[in-house]
Amino acid sequence: MPVTNVISEIKKDFIYNHLLKGERVDGRTFDQYREISIERDVIRKAEGSALVKLGSSQVLVGVKMQPGEPFQDSPSRGVIITNAELVPLASPSFEPGPPNEMGIELARLVDRGVRESKAIDLEALCIVPGKQVWIVFIDVHILDDCGNILDAAALGAIAALMSTKVPASRFGLGEDYILPIRDIPIATTTIEFNDVLMLDPGVDEEAIANTRLTIITTANGNICGAQKSGTGMLKPEQVYRIIDIACEKAKEIREKFLEA
Amino acid sequence: MDESDISFFKDGLRLDGRRADQLRPIKIEVGVLARADGSCYIEMGGNKVIAAVYGPREVHPRHLQEITRAIVRYRYNMASFSVEERKRPGPDRRSHELSKVSREALEPVILTSFFPRSVIDVFVEVLQADAGTRTAGINAAAVALADAGIPMKSMISSCAAGKVEDTIVLDPMKEEDNFGQADLPIAMTPNGDITLMQMDGNLTPDEFHGAVEMAMKGARDIYELQRKALVDKYSKMVEKTGQEEVHACD
Amino acid sequence: MDRKVVVPGDLLSEDAKRSGEGTYVRNGSVYSLLYGLANFRDKINVIPLAGKYVPGPGDNVIGVVKDITFSNWIVDINSPYDGLLHISEFPKRIESDEMSKHLRIGSSIMTRVTDVDPTMKVELTLNDRKLGQIKAGQVIEISHTRVPRLIGKGGSMISMLKKEVNCNIFVGQNGRIWINGGAEDMDLALKTITLIEKEAHTNGLTDRVVDFLKMEKGARS
């Protein structure tokens, strides 16, 4: 069963009445992102890591690397493997056990951003063509789900990758070096509810809206990933509006937090 | 192989002779499975996909029941022989994701509140894959749902647009999907309400716009074919009984 | 009568007042909810070609006991929802421990839906002389969407059929039909019902059924 946060009718009405007045329950404007903080290198054992706080949502991303076999169809390219754990500590609606479809979708979207933006130079991760390449494990650990953990996870992934050192010396492959990063993909999510578009939904807003669209942009303002999620519908005009919002907001986030 | 090694156009046409805005040939058959409550077989280019609908029926396990509505389950599954290199049987992460977004593409039009505490199961089997299996699956599933008598606000039609050699193309085939620059599948109602949107690759905002418009045009054409397939099934039923009537009078 | 095959979402009318069964209204216009046949009268109704039986109060149905609890028989009624037959709805007073003596798992019953609550709890009764356990004859199953045709306008088709084939027939709204009579008569009833099911969507059905019966009977005598 899809994991949902049960929300009372009264709370729904409360949020909805705010919307009618052009307000959000936490006082934000519709296109306002919550406060972001990124702390890097929080896990010494990881090759790279980042703790992202998005409002009260908290996501920890760790990057581990090790040599391994390349895929047959790309013998001289490194491998990216992305996983996400929605551990029960993060929300009363998360359950222990193998990843459910929500966790899988989240991991695949984080992966899509990194892969499709070509942020990691995979050719540079070849050790012996056809035999040995670097495998980059991106592991997303959701710690506190107060809404929009996807954007936080994607942000954590690129932040962690940007602080990743390739552990070459540990495997007798020369000196450690900084993982070369070529792009900075940023995911932004907007939800739609009764024709209102709201950027960066909080957990209660997520519970009332059943349509969201995530747009992942690259540093040059192009789009490298998109995903509509949830059981509602979007008009094309709404899609285009969301893209405008996403491009603008991603640029801001990129400049403020990652290009320093 | 790199995308720069391949040329996707010859004399302004694509490798399979299509124009940039042209769909691959499509064949849709309704009611192809006897046991299912509704079913549909579709061919879109080299894709061969079959969809079955069971239900509304009792939910097992019971704790999945919703008191006020039917739940919808969608299982996208690729046959191990459907692709060049044998696919390990069973669901992988990709099929989990596709199942989720495909279900969400159809659920907005299904009147689930008509059937509290029940489940509507949609099973989609990809028998032969040739880029665009999720869109083919959704197209077949929508027809199968109608065939099963499930109340829906409208049909759902699905189509992808892609980008190759900096050109937006409709309904990418395998080569264009593998070596192209972007893929953008959508699903929508005939009204243009979008119920599925995914994208990977690289598009400028303007290209994104163009790709959405093109995919929507493709979906509209597919809708006409879905509709025709359903109407044709009925006409065949009438013809068949007509023949039997003659037989009965012999 | 104007009839047309429609699919879900087809525009049927721009007059919201004409919205009938199997349709819905959006922005003042009437659309089809179903794949089926739209009948255009004052109201527009869409008759589906397929679909599951959803019980409603007052429906006569044929069920099969599938489980017995402390005070209820759980009855399969060919629907996503089971029916509950409470011990107090049995025609005579019995004790809880003798329930399985009267109706066992697998017993077929002619029953009636008394109540359906919003969570689709379906309550049944046997408290009517027409209702009760099925001990003779046979039960056949057709699509419940064809039942209205089998019954006919004001019951015309079914009463004609009962008379012509000389059988007892109980039509369950859930598509299960009980027939009881002489072997040959039951056979003819079965054939006729099959014909009605197959041609339920065609015009002039009653005439064809009359012809069919005449012919079959002629062949027999």
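Annotations for the structure displayed:
Note that the chains are named A, B and C in the order they appear, and that numbering of residues resets to 1 at the start of each chain.
Throughout what follows, a residue touches a chain if its C-beta (ideal position, glycine included) is under 8 Å from a C-beta of that chain, and two chains touch if they have at least 3 such contacts.
All values derive from a computational prediction rather than experimental measurement.
Centroid distances from chain B, each centroid being the mean of CA atoms, peak for C.
Every chain gets a centre from its CA atoms, and the centre nearest the mean of all protein CA atoms is that of B. Between the Cα centres of chain A and chain C there is a gap of 53 Å. Mean C-alpha positions place chain A and chain B at a centre distance of 28 Å.
Mean C-alpha position of chain B lies 34 Å from that of chain C. Shown for chain B are the residues that touch two or more other chains, namely 189. The touching residues of chain B, when paired with chain A in their complex, are 63-64, 71, 93-94, 96-97, 99-101, 104, 107-108, 184, 188-189, 192-205, 208-209, 212-213, 216. Chain C contributes residues 5, 7-9, 22, 24, 26, 31, 33-37, 48-52, 54, 80-82, 118-120, 145, 195, 198-199, 201-202, 208, 212, 215 to its touches with chain B in the complex. Looking at the complex, you find that chain A touches chain B at residues 1, 101-102, 104-105, 107-108, 112, 115-117, 213, 218, 221-236, 239-240, 243-244, 247. Contacts from chain B toward chain C in the complex involve residues 37-38, 55-58, 67-68, 109, 111, 114-118, 146-155, 189-190, 226-227, 230-231, 234-235, 237-238, 241, 244-245, 248-249.
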